[in-house]
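Look for chain A in each of the two complexes below; its partner is chain B in the first and chain C in the second.
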Partner chain A sequence: MLIFVADADVSWEFSDLIEAIYSAPTYHLVFEGCLILFIVGLLFQHSFLPSKRRGGSGDRLSKAEEDQLIAEWQPEPLVSGDPADEALLASYQRCATSQVGRSVTYSDGRTLVNFATGNFLDFIGEARIRDRALASLRHYGVGSCGPRGFYGTMDVHLHLEEQLAKFYGCEEAVLYSYGFSTIASAIPSYAKRHDIIFADERCCFAIQQGLEASRSKIIRFRHNDTAHLEELLQRQAEHDRRNPKKARVTRKFIVVEGLYVNCGDICPLGELVKLKYKYKVRLFVEESASLGTLGATGRGICEEAGVSVQDVDLIAAGIENALATQGGFVVGTKYVVDHQRLSGLGYCFSASLPPMLAAAASEALTMVDEMRGERTARLKSVSDRLHQRLLAELDNLWSVEGAPMSPIKHLRLHRCTGENSLPALEAACAAAADAGLLLTVARYVAQDLGQPAQPSIRLSVNCNHSDSEIGSLLDFLKSYATGLAKK
Partner chain B sequence: MSVEHEEQFEPTPYVVAIITYIGYVMLAVFGHMRDFLRNHGFEKNLIATEPARTKDFVPLYQNFESFYTRNLYRRIRDCWNRPIRTCPGAEFELIDRKSPDHGWSFEYPGTHTRAINFGSYNYLGFAETDGPCADAAAAATETFGCGVGSPRAEAGNLDLHTRLEATVAEFVGAEDAIIFPMGFATNALNMPALIGKGCCVLSDELNHSSLVLGARLTGAKIKVFRHNDIADVEAKLRDAIVYGQDRTRRPFKKILIVVEGVYSMEGSVTRLPELIALKKKYKAYLYLDEAHSIGAMGPHGRGVVDYFGCDPRDVDVLMGTFTKSFGGAGGYIAGSQHLVALLRQRSHSGLYGASLPAPVAAQVVTAFQMLMGRAGPPGEGARRLKQLEVNTQYFRASLHRLGVIVYGHRTSPVVPVMIFMPGKIAAFGRETLKRGLGTVVVGYPATPIIESRARFCLSAAHSLDIIDRSVQIIDEVTSLLLMKYSRRPPPAWTAGITREWAEAQLKLVDQQRRPHGAANGGPVPRRPVECRGDPPDKVADENDAAVKDNLAAVAAAS
Partner chain C sequence: QSKQAMQVGTAHSDPNPNHIYFNSRGIWMTYIIFILIAHFIILSIPFISVGLAWTLTCQVHNFITYLWLHWEKGAPFEPLDQGESRTLTHWEQLDDGVQFTANKKFLLVVPTVVFLLATFYSRYDQIHFIANALSLVVLSIAPKLPMFYRVRLFGINKW
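So, the complex of A and B:
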């Protein structure tokens, strides 16, 4: 008011104000008065917050009543009484006493040919990698003793990151200490509550955990079905046209796997990139299974699909399969990837990868680089040969799912017994062990949305599997299934 | 002894708080000015920007989210992510970095700096390049290689894993245990196997990010209580039981209280005995994360459970990591047989994640064996435990005498020293390093905005001389930076904690070193340690006596 008075030219004198009140019509004064009373009334009203109302005098319980309720409350036991899955628990008791390489020796003395683990390039036990790891152990010790921010960064980590970025031809790489946590941390560091993620329905569980942690809206499209994805993107685009304001701040992502662990087939990356630019959606690719196994020189799905890595916003991969150590990484542009160094939970808040494992990964990556795809090509041809023989010789007994060149294949029993239960497959794996073969059923937790409807045996091919080893696998599968069919 | 009496959280002096806020206001004002200059082309823009091909996409992260990073963090980036080129033992060698553009990028001139290591988590000094642990790790590498390439539930189980699980279970006093290759994932990937929708998680406000993420992934209702505030836990617990779930008002299926043993940013110790009493009274379950306390607390190094003399079976879920005390990586969950069987069937890590690499498992098994007196030189495990305890108390007492504000419990091996003002964060980090001391400085967002601090991690690898040298450096730097904020006299317990006391304590344990092989890692009868009620000095004395008795009991049992 004082300010107005001071500036007499444009504002009213106090007396003018009084005069205005006198000259105003009565109905106006009554109306204004009512409004003021209403506002005052609102100020004194009880709050309607549900949490407050609960504590209101009406239904607040007395201490005795509370104690009564507390005494009555019976929680469920922490551990539910579900019957234990003995076959699963048994796998924790089966102890390997040798490296889990192309063959594995167990504590009961049996040595099995391994068709169960992700040792695609046969790097486990490779002398070069082992020696590098040992040298590193004698230099750094085992643990890194801290997160990357707090003296957990060793020169080997920096070197491996540089090497990974160069390997992919990207600006920057970020190293994680566990494969599962890589994509699970990368997704929620960008996607937030009001964002939208289009994810393949068969995505692996690590991706699903990332989606869950992001709290974004998740839209699932049918597996490898770009037409369905486009339909969903179009629907979203129409929705965006109606709400342009909201669309301007809603980030949209497509999340796919390079080689799907859950079904052994390969994503149509070329078409996804087209969709990405058409609908302005970011594209994230997880390639734990495709690194080292796809592409002419083992550089993964981008190389295989002939797509420039620049067209993918972010590539994440675990290095626990083909590179045979522990950990994972994310590569991409500096703009994209650097953000994770402060916002990737699994990066910031976890101890860094033990330096000897980083050194091993670094040596493995050098080997992939030096081999120029020799083992990758061999792996593809072994996988393809196995696939063709499965189709040719066992078509009436086992169904096989997966791309021919994929080192991961899912086998199911339907064709001979009509029944493909998990116990039946577990029995088959047990019988395989008697025949000198290590097979495993694919395990899933109940809430995994990407798991196949039917259980399966997941075959993993090693590039050094010989024809005779493949032959004995086929012989076993044939005789086992024939035996079942006869019963 | 009462935890309240042993813990120090001196409130921030008002003047300091005001100056700290002014500091942030200045930084924000200058930040906005710099942003203005950058946006209008007066200053060269070094921010990583969206590549041309995705220019018209919705930005991947918000500009204001990165204001802090761009204008505050970036200027002092050299205090974090310092690369090292040696084993993170008592001392380490840092790779020198130079930034030609005020923190936007780093260059490596190729020189190195040797410094005392107070930054790494190496509580028991097992970060070593030789000795029994490293030898075991090397042997495991020869036999098993580095990777496994399969989850435990499929084909990734080694006999080393089974041995490590048995060792962990025996060490912590649980029926069974399960191990995982990453400490962060141990929390984040296993909590969903235990509880789910319709349950309630009561979580301490300062819980580690992995616990917060794990709780979020469960889908349960999360209620946060004030740090270490038992009254608040009880109130929230009563409320949860009486009023049940929001909206539906159905009772919760289970209530899980989630706490850490030692909080790594505060140096505080959880109030375990009271929590156990509460959880029994209200039929809740207790999840205890011993990441920073296993191996580092208690007369036998068995964590806060051991420190308070509680029964490990009263804690439903005992979680811990191998990174901090054992020089390895990964984590474990120990508990009843049923609990562990359930985790084996439902753990996301057990079913999907690769299993723990053999060298790491071998390192950790051997470290546990040493603590239980079954490997390494005779009495080495007990010596390391004692050394850490003595180092911790001696270092803390010395800092209290300097007049800086030290947070936390007298036996907690993480020691936060308050810096408060943003400008001093970098100054402290740089000045200590210049004098040959590597330590961690932490500011917002890891701490509340005005409570920036430096953090020292003690280790059994530190000698008393190293501690003296570090205290001298800290004295110099805190005088230089006017950081001696404390207005309280040093706490009463620090009176007798001198260099002579420390030497006498270490000599005592040297004498108790016993012949190898006879040692026994099983439970040792212990004098219960009194939990509350007595005046602090008396309690402290009694505690000392009880600890001494317990040590003697360990010696006698072997």
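So, the complex of A and C:
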């Protein structure tokens, strides 16, 4: 029965083999018969895509439901006709005829002091940067006409990346051509499905787009509340203890901003680094507003908080604020940052930064380095003075949100002056333009989850704002609010 | 020096080459040739019988294809699908999860043919039959059925 060893005594004539079929046990033939029928039956099945009931979303609609939805559909008007949009549309009619620097001239002849744009270090109009950009324009032309991997890399890009890495004291930098897409590309190149990201609830829209693109599980913690973050991390650690196999393949990240554009607050980086090491989470910091504005020499939140740059896994920033050009970058260790050269989608699949702008950014960065924090300190003192005067003189008229030394502040009408609504603030900005000041209401996309409950006027302070300009701003705010309160 | 994950080309629209490489020209023949080579190697072992050689071929084939198609998850390179295939076995990734494609029917038929040949050459011996039938049903047929698509029994191999 058992044929395991060499079978010299068994015949291998074909007729004998066929006879063996007839003498096979019945159960065997039955099994084989059923198997053949089963397989042949499966071969006649049509191919189909299984519904994603398990492990995914996407319920399919029945034909009747589809038809009903199509019949019920009413097209929305292209233009909403919402009166709140009138002020926004009117602002697009405004046309600047000068550079949008510390002051702006408009086509109607008015010159306004600019408290609206993020020109923190007053580099707009700086002759040195302009000359370097023009020289670069004559040498390279305007656009780079290609992504970094396809003839779009020029020596200015490599030079700027080296310079950025050296400025921060990191190993490597990656240059992007648009500040918004920097963090929106960086996050999904590391965080994938089944990963977990702890994000501050007031993060900017660019970070939110990155979080959404990553397809990870997003856990939002209360703004700047490290106790809440620790509670959430603790809860996650308990989940991990119960399912260690899953935990071993789950990557966890914390995403914060150095200086929050939506609030004007500074993140508690020291405590975040402690949490990072305690719970083994990666820390990503977005520094668009804190580059050049925080730290003794303008090196951002790490310098400000006294944290070593090696403790932060990734620093991403747009250079569209303090450095007054276009683009963005990511710095960190070579191991972390080099990954984006192939999987940072905004890096691989967008044209590279125009060499003219890369040269201008390089010059601006050199200036920041040479100044050794002089303008940064001046910016902090101007912001602080403005903050103290706002608190002292306008406390019962306007409420101010933001750290004292932050160049971004959010103003809201106090309850006693009237309703803090979007039209009211727009009217205030229009009145400010009549008084020679350029103010703006902070605007958000409808899906922006980081927007505040109450609208606000976002002030952006320039390091070279004079005392008289600050004074005129405060005078306007006081007189306007008092006028409102009287009504 | 850390190992970097290999990035795959982006010249086509499919984010994961694991979906489509089994449609390449000649790959069915390659698979059959691999089985034949393995069978000849096993046949060359001098002291075992023909029936045992066939049974060994059947077992080894089922075991290796189980590991290849139904155990290892994800991809050996870094696909562009934002981590979707990290928890999927190769069978679930083939043809983008569509059931009963030509490739999948082929991969169902081959172990069955190997089993039929193995039972024929082992002259319907009972022990060989039990071994081959068990490995065929448990390792080769069952995991390929649509009812087991994305199913992980008892949480085994889930993460």
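The rule is short, and it goes like this: the second predicted complex is superposed on the first by the 400 of 487 C-alpha atoms of A that agree within 3 Å, B and C clash if a C-alpha of one lies under 4 Å from a C-alpha of the other, contacts with A are read in each partner's own complex, and residues count from 1 in each chain.
Definition applied: contacts are C-beta pairs under 8 Å (C-beta built on N, C-alpha and C of every residue); 3 or more make two chains touch, one makes a residue touch a chain.
Predicted, not measured: the structure shown is a model, and the values here were computed from it.
*Asks:* Which partner does A:130 reach: the first (chain B), the second (chain C), both, or neither?
*Replies:* The first partner, chain B, only.
*Asks:* Between chain B (first) and chain C (second), which, if any, makes contact with A:30: first, second, both or neither?
*Replies:* neither
*Asks:* Contact-wise, after the overlay, does A:249 reach chain B, chain C, both or neither (first, second, both, neither)?
*Replies:* both
*Asks:* More residues of chain A in touch with chain C or with chain B?
*Replies:* So, of the two partners, B touches more residues of chain A.
*Asks:* Check the residue A:342 against both partner chains and state whether it touches chain B (first), chain C (second), both, or neither.
*Replies:* both
*Asks:* Could you list which residues of chain A make contact with chain B in one structure and with chain C in the other?
*Replies:* Shared contact residues on chain A: 50, 54, 213, 248-249, 335, 339, 342-343, 348.
*Asks:* In the complex, go through chain B and note every residue touching chain A.
*Replies:* That would be residues 48-51, 53-54, 56-61, 66, 69, 73, 80-89, 92, 95, 117, 119-122, 126-130, 133-134, 137-138, 141-159, 161-162, 181-185, 188-189, 192-195, 208-210, 213, 216-217, 238, 241-243, 246-247, 251-256, 282-285, 316-317, 321-324, 326-329, 336, 338-339, 341-342, 344-346, 348-354, 356-360, 363, 438, 440 of chain B.
*Asks:* In the complex, go through chain C and note every residue touching chain A.
*Replies:* Going through chain C, the ones touching chain A are 2, 4, 7, 10, 46-52, 78, 80, 82-84, 86-87, 96-101, 105, 108-109, 112, 115-116, 119-120, 122-129, 133, 136, 146, 149-151, 158-159.
*Asks:* Which residues of chain A touch chain C in their complex?
*Replies:* So the residues of chain A touching chain C come out as 1-7, 10, 12, 17, 20-21, 23-25, 28, 31-32, 35-36, 39, 42-43, 45-50, 54-55, 188, 192-195, 213-215, 243, 245-246, 248-249, 335, 339, 342-343, 348.
*Asks:* Which bits of chain A are touching chain B when the two form their complex?
*Replies:* Chain A reaches chain B through residues 50, 54, 61, 66, 69-70, 73-80, 84-85, 88-89, 91-101, 104, 107, 114, 116-119, 123-126, 129-130, 133-134, 137-146, 148-155, 157-158, 177-181, 184, 190, 204-206, 209, 212-213, 247-252, 277, 280-282, 310-311, 313, 318, 320-321, 323-326, 333-336, 338-339, 341-343, 345-346, 348-351, 353-354, 356-357, 360, 438, 440-447, 458.
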